[in-house]
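Can you read through this structure? Questions will come right after.
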Amino acid sequence: MADVITYRDAVAEGLAREMRRDASVVCLGEDIGAAGGVFKTTVGLLTEFGPERVWDTPISEQAIVGAAMGAALTGMRPVAEIMFSDFLACCWDCLANEIPKVRYMTGGQVTVPLVVRTANGGGLGFGAQHSQATENWALTVPGLKIAAPATPADVVGMMAAAIRSDDPVVFFEHKALFATKGAPPPPGHVVGLGRAAVVREGADVTLVALASTVPLALRAADALSGEGIEAEVVDLRCLVPLDMATVLASLARTSRLVTVEENPYQGGWGGTVVSVVADEGFDLLDAPVRRVAGECVPLPFADALEEQVVPTVGKVVAEVRRLAAY
Amino acid sequence: MADVITYRDAVAEGLAREMRRDASVVCLGEDIGAAGGVFKTTVGLLTEFGPERVWDTPISEQAIVGAAMGAALTGMRPVAEIMFSDFLACCWDCLANEIPKVRYMTGGQVTVPLVVRTANGGGLGFGAQHSQATENWALTVPGLKIAAPATPADVVGMMAAAIRSDDPVVFFEHKALFATKGAPPPPGHVVGLGRAAVVREGADVTLVALASTVPLALRAADALSGEGIEAEVVDLRCLVPLDMATVLASLARTSRLVTVEENPYQGGWGGTVVSVVADEGFDLLDAPVRRVAGECVPLPFADALEEQVVPTVGKVVAEVRRLAAY
Amino acid sequence: MDAAGLLDAYERMAVVRRTEKAAHDLFLRGLVKGTTHLAAGQEAVAVGASAALRPDDYVFATYRGHHHALARGATPEECLAELMSRATGLCRAKGGSMHLTKAAAGMLGSYAIVGAHLPMAVGAAWSARLRGTQQLAVAFFGDGATNIGAFHEALNLAAVWRLPVLFVCENNLYMEYTPIAEVTAVPRPAADRAPAHGIPGEVVDGNDVEAVAEAVERLARRARAGDGPAVLEAETYRHYGHSRADPAAYRPAEEVERWLKHDPLDLARGRLAERGVGADEIARADERARAVVERAVEAAGAAPAPDPREALTDVWADGGAAWRT
Amino acid sequence: MDAAGLLDAYERMAVVRRTEKAAHDLFLRGLVKGTTHLAAGQEAVAVGASAALRPDDYVFATYRGHHHALARGATPEECLAELMSRATGLCRAKGGSMHLTKAAAGMLGSYAIVGAHLPMAVGAAWSARLRGTQQLAVAFFGDGATNIGAFHEALNLAAVWRLPVLFVCENNLYMEYTPIAEVTAVPRPAADRAPAHGIPGEVVDGNDVEAVAEAVERLARRARAGDGPAVLEAETYRHYGHSRADPAAYRPAEEVERWLKHDPLDLARGRLAERGVGADEIARADERARAVVERAVEAAGAAPAPDPREALTDVWADGGAAWRT
């Protein structure tokens, strides 16, 4: 293996590893076969595994996710691709009302071991209907596990965990990270779901980040370091299970917290994190908690406008400065 | 008019008042015409306004909400009924990706003056797919106004505001409140969207509630009063616009805050409220903030089980006691 | 069907009929909470189809699914216990009337959002094909479901992949309270849509248990042979209202009368007589049905309520419900 | 069409063709960010349909919608300025290539989620009927959209309510990279689905601007007269790949060649000659098209970027974006 791998290639690698391990893993989605996916995240799978393992579908998101559910109920481990996470809306009934509830409402008679992979987030200039960070949609629904890796190694390790999970997992691959590179994962690499990572240590403030905002928070931390403020950066990696233990432990060291979220402030995941902190971590706090999140608007097309509404290094730095001065 | 009106009748009354005022108001939905709605919330409309104003539809949630959008773009003020709020998932693309974004992404060329009414929440024993409180789904999407009245008078007054609004409004009618009664609204009653109401004053703790949890919070406040704890109860009435000014003003008086939410803790609206409080109201807080919310599970069928997972008077009282003792 | 087979089918239908009656009475007595959607009148669809299926085939049904659960082997006691919120219910009182499920018998669920389960059935058929098991998947749904998008997406995908799945529409002429004809652009809501997806669409007398069994058997054979899915539209009628205590006043009296005269149990009884099955034998079948449902009502009523702690189990495969550390 | 009408249509198509070429070049030069879905090759559908519509009719299009915006009266400059993120763009740089909209000209938007705008067109037609205006609504969409649920829900509702709406499919044989035939159970993805909703489904040569205009005119007349919706499937082909710099290597060379020989502009040019329009007149039309697009590229390029404060306007009808107090 090369000494670096892109996040994009890591997706295909993560899928291929599990497909080699387990014949019950099958993929379906639009243009994932011969075309290798519109983001080239399934390149090579059709060639290696053939058309009985990699299925091109019509533009039928409800049928894709519903079929995945039916297959998962009957012995397979399907991995469905929904091309852009905005389109989760097109199969939201299945994803919100069926998949996460069927085990519970049958009194545990069935399991639903499936993965729904999707390209999430902004930064590529695709406009209001192809740029949303929709991980917070999934968070509103109990019964879904939610993975959102920030590095190529985590893509592979979390993909392994997601596919092996007997529970349904929504796997958010971030569009703006596809071209990023990182250390390749060792063979057999598995990153259990629900374990956050402290990706930078620091004593002054905790930055809680996810997916695209992890490198952003790290850049902000570097900038702050020059001003004598040392930020600890926690990569949540999953929203469910949510590793509040790691967040609270970090807060115990730093006493200050900022969430860095791409999803909008209203209804964003940071609200859930902050509300746990404002309850269980209240005594640890030396300053207000801040959320640097998306503005509560649709995503505009022009870069000059988009910059105004998504989290940026500058915004994180400014908020942390305010907190440090508190 | 009688000296009390049910919440259920208030829905039909609110609709009728606006339909009388404005010929561009038209209703569509499943079984809303001859049948008067499955919750009897549109009784009398077909008779009074005829089939050109009240339209029965097929079971086609995407077509219902999409058609409402198309009509709203072209000079009408449609009011679409989605029978149960769980089924918003069946038209989530239109509701999350189209309706709230079209004005913004066309640079303000169009407006979308429509209302989507829906029966929300649990308490009637309808099980996992007909009992959800899904107001938090709508909160994840900038561009939707969100109304959720708790009393018959507010139903009428907020319906007037919602229908007159040039912005799209999701109007959550609570199933468990349909049979409740209250003072009838005066003629011309309008309750502007985005104005919370302090429905009980008290100096010791602020309870922030919405729709079904308003009467619940009031009962808890009564119980607590017997123990010498005076709770102020804020009925948010809307999630967007969110009246944080009223919440923060109350907190300034009480220094303690508990949200009472029917939606699940994870991704629930209380997270957004609490995160604003933990930021802008941090100095006002004398104790941790607590959220009494739905458990993070699908809604179980049996009463004995449902009670475990929804907010109850007992749970609110217990949390407030803990805070008061802090 | 031979006489013995038909008698067996008759008895199964009688059990469904009586279970539904029991559910109705228990609802009126306040012992079943929430709502029920009874299938009395539609028994022949479930029992006829089941007679033609293999034990390892998959069935997906709707909120109006008691008859399918029973036809696939759930006992009246399990079903009624579920409706009565008992720990011994099919879903341990977590599902309720709308979600009867007996996974161990291939009855993979009753789903309460119209149309949602059709793609699932497609997926189960796809899985069967991938595993090479010759299993069939059957989705039962109402006439109203044919106007929702998921229906069409499911049919097209099943057709393109030539999957062993049958789409069985129970056309009972009504959605909740609105006649299907008022909101549907074609006369046969299901069968007339099949050609849009290149698959056969048949209509059958859904009150004739033998006709249903014959049609399902034939279409199943075809599907198992790799010739792809089919749509079967079964014409039938519900004896009760849509749900709860709906008196169904929106239905013309002569329509109700006509259909009550075309009762699936009467029809089967007539056929049994034609085939020389004596009235006493039929009476014994009726009596067995009566007894089993009577015992079921008692046993379900006597069963304990669920342990409240059950509310926080079964979200995840590990049995728990923890969403955070 | 008479000679003058056809020449006008030809010039309009030439403007579209050149605008798309300009967009393509600007994209490759990094001056258009994100993505573009070009309609070169499909001009005749937009221009032919527009020729048959009234100015107050409503048009709903997809992310591949430049030709529809232009056909309805948006200028190349407005369109290119939008693609180039300029303040003078059709949507003030908030929409981008996928969302060209000119509401003032009844072009009520380009929508980027497949199928979503079909119900909207139904709603606009419903509104026209309620207001008694005899306006028509037209939804343009791709072959791929015929497999998504919203398509069927829209057709059925339009049929049941007999609304003045036309569903015009631009069948260019491909979704993004997958041939439509591989994932669709019937040969004519749109026209073969129309009977499932009791409405006529016609096929037309989508590269023949006159044929398109004729068909739309005829179906529009019918719809305005209260005879309900129709499906028109226009066979056409895109000259570029699906989006961005897709080289469309998945398309067989002989297929591409065949379709390039059946170019809508060539076809119209031939017809013009047949009708005695001289080569010089056609050349002048070409020259006008060239000039308008050249000026558009310059003007758009010279236009200012949007004011960053615009990011927080236009969520609400009051012009603002405040979600809380």
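Read from first to last, the chains carry the letters A, B, C and D; within each, the first residue is number 1.
The working rule: a residue touches a chain if its C-beta (ideal position, glycine included) is under 8 Å from a C-beta of that chain, and two chains touch if they have at least 3 such contacts.
Remember, predicted model here, so these are calculated numbers, not experimental data.
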item: Per Cα centroids, the chain farthest from chain A; value: C
item: A-C against B-C, pair bridged by the larger set of C-beta contacts; value: A-C
item: Cα-centroid distance, chain A relative to chain B, in whole angstrom; value: 30
item: Separation of chain C from chain D, taking each centre as the mean of its C-alpha atoms, in whole Å; value: 45
item: Intercentroid distance (Cα basis), chain C paired with chain A, Å; value: 39
item: Chain centre separation (chain B, chain C; CA means) in Å; value: 35
item: Residues of chain B whose C-beta touches two or more other chains; value: 57-58, 60-62, 86-87, 89-90, 93, 97, 100, 104-105, 127-129, 142-143, 240, 242, 266, 295-298, 300-301
item: Where chain D touches two or more other chains at once, by residue number; value: 91, 93-95, 99, 111, 113, 147-150, 153, 156, 160, 182-184, 315, 321, 323-324
item: In the complex, chain C residues that touch chain D; value: 147-153, 155-156, 159-160, 182-186, 192-193, 195-199
item: Residue ranges of chain D in contact with chain B within the complex; value: 58, 60, 89-95, 99, 101-104, 108-109, 111, 113, 116-128, 130-131, 137, 149-150, 153-154, 156-157, 160-161, 313-319, 321-325
item: Touching residues on chain B, where the partner in the complex is chain D; value: 26, 52, 55, 57-58, 60-76, 78, 93-94, 97-98, 100, 102-111, 113, 142-143, 165-167, 194, 240-246, 276
item: Chain B-touching residues of chain A, taken from the complex the two chains share; value: 86-87, 89-90, 92-93, 95-97, 100-101, 104-105, 127-129, 134, 136-137, 139-143, 240, 242, 263-275, 277-280, 282-283, 285, 287-291, 295-298, 300-301
item: Chain D residues within the chain A interface of the complex; value: 33-35, 82, 85, 91, 93-99, 111-115, 144-145, 147-149, 175-178, 182-184, 250, 305-306, 308-312, 315, 321, 323-324
